[in-house]
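Down below are the structures I want you to see.
Below are two complexes that have subunit A in common, paired first with subunit B and then with subunit C.
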Partner chain A sequence: MYFQLAWRNIWRNPRRTFVIISAVVIGVWSMVFLSAFSHGMLASMLDNGKSVLIGDIQIHNKKYRIDPSIDNSMDNPDKIRAVLDKTLPQGAVLTERIKVSTYVSNARHSTGAVLVGIDPENEKKISFLGKSITKGEYLDKKDMRGILVGKALLEKFDTAIGKKLIIMARDKKGKVASKAFRIRGVFNAEMEATEKQFLFITMTGARKLLNMEKGISEISIVLNSEPMVEKTAAEIKNRLDTELFAVETWKDLLPMLKAYVEIFNGFMYIWYVVVFVAMGFGIVNTSLMAVFERVREFGLLRALGLKPWPVIRSVLTESIFILLIGIIAGNLLGYVSVLLMKDNGLDLAMFGKGSEFFGMSRVIYPILTMFDVMNVNLVIFFLGAVVSLYPAFRASRITPVEAMRQ
Partner chain B sequence: MSTDMKMAFRNIWRSPVRTILTLSAIAFAAIILVFMVSFQLGSYEIMVNSSVKIYTGHIRIQAEGYREKRNMRFVISSPERIAKTVEKIEEIKSYSFRANGFSLVSSENRARGVLVTGIDPEGEAEISTISGLIRKGEYLAPGDRDKVLIGRLLARNLKVGINDELTILGQGKDGSIAAGIVTVKGIFSSGIDDFDRSTVQVPLSYFNDLFYMDGAVHEIVCTADSLFDVNKIKRLLKANLSEKKQKKVVVLDWKELLPGLVQGIQLDLASAAIFYFILVLVVAFSILNTFLMAILERTKEFGVMLALGVKPNRLFKLVLMESSFLTLTGVITGVVVGCAITFWFQTHGIDLAGASEILKEYGMSGIVYPKLSIVSALAGPLLVFVITICAALYPAFKVKKLVPVDAIRSI
Partner chain C sequence: MSIVRAENIKKRYIQGKVEVHALRGVSVNIDQGEFVAMAGPSGSGKTTVLNIIGGIDNPDSGQVIVDGNNYSDMTQSKLAELRLNKIGFVFQAYNLIPVLSAEENVEYIMLLQGVSAKERKKKARAILDDVGLEGKYSRRPSELSGGQQQRVAVARAIVSNPAIILADEPTANLDSKTGESLLDMMKKMNREKDVTFIFSTHDNMVMEYAKRIVKLKDGQIENDIIKDK
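For the complex of A and B:
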């Protein structure tokens, strides 16, 4: 009966109820939307960070991270391959790379860059490279002299597809090796820095240049679910000699990004509270007014012998109904606005270089996650119920005498 | 005080709890905005200053096209002539010449492709803080020849220490091979990883011979006393340099030199603006609701007033006066309290130990100081004021449209 009473009470003055509900709706909507927006921002940072040759898990020679040189490659990868065959879950893909810092030049220009020897087939499945060739063609596995160049580097060097670049690097034996490669294709990356930083050749081409037999610099693994990352990494660590090899997840490889994600999540919680406080003032104010409008009614109830607690309960039940309606409507509105932006995203093109500075894409697609939505709703529901206590207590303290004076 | 004002004032205090709640909501939004904007502007200033002072400088004079292409041949062939013009401008605190060439730098068993920069040790010490950031060894002395300074991370990657030898292999201005052997004299740590990983500095005279520069340089880097002088210096330089028909020279300020930083700041401001706007929107809704309820509650009263001959316009004014008074008081309280809180943090700093990894990348230490300014103190509250007043208009218009008889009959 309490619920029925509360429900009818709410609709005695629909206009007032709508006013309060609208305050809750706008609050819920803003939080849902902001969480989706910031989640989209973070996700695009993560995707960009990971797709630039990181992946979910990487395996290196233990010494490689402090000293990324060709001396610290993994010279006998067969053993690792065998371990990975047994350990990796379904749907995981991996690729092997040789990475070396080089000096690139043509007749007029020169710069430093990272030369990456790839397995074209597997690389395509894992990193940004497969989707990014805009001109020319991708590398063929047997191609010994072909090279893929970023668009920015191509422009900087005033060169074109079919022309040559000279690569100079220290080889496995410690000598400076130098060789000409022919530009086969041009890739476009989300970030200009990536286009300038990396050059791609085939694994066999890299081995020939660097005088290597079968060594590799790194193995990069992409899993199909984020929660599996830590677990799989731990399993690989168990089966590999950790004195020789370092198994790291993207969180170890991109500590900046990990810290940023954590700080950002912390900030979002603070911001939820800030928005809630702003909204809370409105909720308290309007429900308080609703109570004062009904002073006579509460006075009468008390005069009929109702104890303060049932009054608190009934006012609180009303507030909770209103909160629930507001939360549902707010979620729907939030969902719709995220849906509206799903195709086109929020274009940050005017800040193109700026978003790059933060490692984000130029267009942000809001992402709604159950976890965020649950958080937002719990925050609003509990805090909303807490602040509604004040008007409820105020109502319970109305005495028949006070009511008669009205 | 006119009768209307008196009435408005008394009306406001008819329900003190409501008034105080409304005031707090407005003040709260204003406080948050003052603090957040000050915090952002403060960190931007630190970011800009550290970038500018470590290496970039406030203004650079370069050959046209050099910045885009980084071509060795785009040089300033007679830097002394331009230096004379530069010296005439009082606002320029100091200036120095630089030349750059990409090279393969190798140690005994490591090699890296990096930017080798020729610097004039005396002049450079005036415009860049690197001389004070030497962690091992010493800074370059004026007479030094084949000595280099390298960044901490590059030293680690190349596995070299003080007095170790490095080979520089690059391309000279005329396209020929430039090769030389140098020894490490100092290792610096700027705190910006990217910079510490990719910088080698040699004396300009040595660079000149190594890369066959013929006395030419790539840029003249100038610094000013404050960011505010930069525009004036740029204007003066442009005017003076074009007089002398130095056609192929361009003057770039720090905003053009650090487009990523500037746009990063703009992006951060833009996404913050979305957050702020939504906060203000939520507050405005709270306020709108409160105003609306206050009006609904008093429908009968307004009906009586209208029946007694009060013009709808006067009622409209009265209601608007009440809400502006509330808004104004709230905003002013917010500005005062917000400034006080911000000022406290400005002197004490905010310890963001957890974020130091990120801050380091932008050249900041773990402690951030918000910076109070007219803009940061007033921009946010102004937004709150404008939006809240707009929110108050709707209920006021509603009052204007009341019909006396219906209004008196309503509960």
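For the complex of A and C:
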């Protein structure tokens, strides 16, 4: 009967109840949707950032970060390979690269770029390159003269698949090496800059061009779980001579991205607070109005022998009903709107071109995590219940005598 | 045996800067089974007396003892329990919880007292029959006339066998015919169930129903007449 009473009471003034429910629905919905959206956005930023030749962990010659030249390559990678064999967890994938700055030209154009010698099979598993060939074909392991270029560079150079590019770079002996490579395929990247920055040839092709026997510039590792990254990096550091080698995680390599992640989380919290303050005021105001409209009734209940606590409880029961209705509806709405965008994502193009700047994809796919949903619901429920305590408390302070004199 | 004993009750209210002496020393003794009217002009202190006897207002000085319970020894919480179990209230209006049916309004008190659902229903219907509301169990207060609402309030007050029922101008909002029939019903309950009724009124006709009339004037008892008959 207590529940019945509360249930009927909340429908005495349906309009007011709807106002509170809407506040809760909007709060829950926006929080659920926003956390899913920002998660998607972050994931896309991270994926894009990491997949452009970063990965989760990288190993370089210690001097490479300051001077990324061929002189600072790791000339005896066998030791490192042995260490990685022992330390990498299940599911980890790694690839090796030779990376040098180069000068690329054809008959009419020329520009500076980064030439990357890759192991085509491993590279495919790790970086964006495997999924990004839009024209022509990917490199074959044995291809000594093939090259992959970005779409933007191809257009800038006004060239096409099958045509040649001249690559010039300083080789291991300090001499200038120069050789023609044939364009095998064209890759697309999320960012135009990436398409202009990198050129890919095979590892063997690179060794030949640069007169490099065993050396490599970097090892890039991708793990299958984010929480393992720091731990694994620490373990590798433990076993390698850190005077010679630098072991870095994506957070070290992409400090901007790390900052974005933090700023983003900060924004989310601010949004939570804004939503909650608005919702909280809505709830307190409307419930107080409801309480003051029913002064006579609360006075009557006290006269009949109710103590303050049962009065608080009955008002709280009403608030909790309203909260629950709002939370359920808000979750459904949040879930539906995430579902609607699951397949096609949210195309940020409608907000203009600027988003590329942040290193995220044009299309964001929201990611709904159980943890976020639970968080949102618990926060709204508990804070909602807490702010409802105030009107409930006010109701319990109404005495029969003052109620009757109204 | 006296069920209500009030001794030298004084009460003043401060309203702004004005001090109102609502009661200037009221003493009254009421026995089990009495049917008493508190009479007197507006502002004479009737409501204040009833509220103090009912334990919803505190006297500044003096003692109230209801069914052996001395209010000055009791906490607010104990007073609330006493109201729940020993005192029935009938107010001039707004006696009922609007979202509950007649039957549920009567049951509500028993629910608070911890009476089982089955017994609640049985007792509620029986008492509603007694006050003349058979068949109107599931009507909401808004679907009942003023007189019928007051009957539900009396039924609710009686149902838990209280020591006293305090009714502050129960007929004030009713036309005289409805008021009379309500009083007839109260009197019948008083006779049949031996419940003590104390009600206030400034209506001479209503006073006629009482076996005893306590007349208040300016916060004091002017006279206390027990009719023999």
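Annotations for the structure displayed:
One rule holds in what follows: the second predicted complex is superposed on the first by the 380 of 406 C-alpha atoms of A that agree within 3 Å, B and C clash if a C-alpha of one lies under 4 Å from a C-alpha of the other, contacts with A are read in each partner's own complex, and residues count from 1 in each chain.
Here is the rule we use: a residue touches a chain if its C-beta (ideal position, glycine included) is under 8 Å from a C-beta of that chain, and two chains touch if they have at least 3 such contacts.
None of these values were measured; they are calculated from a predicted model.
By the document's definition of touching, of the two partners only subunit B reaches A:37; subunit C does not.
In the superposed pair of complexes, A:12 makes contact with subunit C only, with no contact to subunit B. Of the two partner chains placed around the shared chain by superposition, subunit B is the only one that A:259 touches, whereas subunit C remains out of contact. In the superposition on chain A, A:307 makes contact with subunit C only, not with subunit B.
Of the two partner chains, neither subunit B nor subunit C is touched by A:91. Of the two partner chains placed by the overlay, only subunit B lies in contact with A:289; subunit C stays clear of it. Ranked by how many residues of subunit A each touches, subunit B and subunit C are led by B. Applying the stated touch rule to the two superposed structures, the subunit B and subunit C interfaces on subunit A have no residue in common.
Against subunit A, in their complex, subunit B makes its touches with residues 15, 17-18, 21-22, 24-25, 28-29, 32, 69-71, 73, 101-104, 106, 109-115, 156-157, 159, 169-171, 175, 198, 259-268, 270-271, 274-275, 278-279, 281-283, 285-287, 289-290, 292-294, 296-297, 354-355, 357-358, 361.
Against subunit C, in their complex, subunit A makes its touches with residues 1-2, 4-5, 8-9, 12, 296-297, 300-307, 310, 399-401, 404.
For subunit C in complex with subunit A, the touching residues are 47, 51, 54, 56-57, 76-77, 80-85, 87, 89, 91, 94-95, 97-100, 104, 107-109, 111-112.
Touching subunit B in their complex are the following residues of subunit A: 15-16, 19-20, 22-23, 26-27, 30, 33-34, 37, 41, 66-69, 71, 101-105, 107-113, 156, 158, 168-170, 174, 176, 255-256, 259-260, 262-263, 271, 274-275, 277-279, 281-286, 288-289, 292-293, 348, 351-358.
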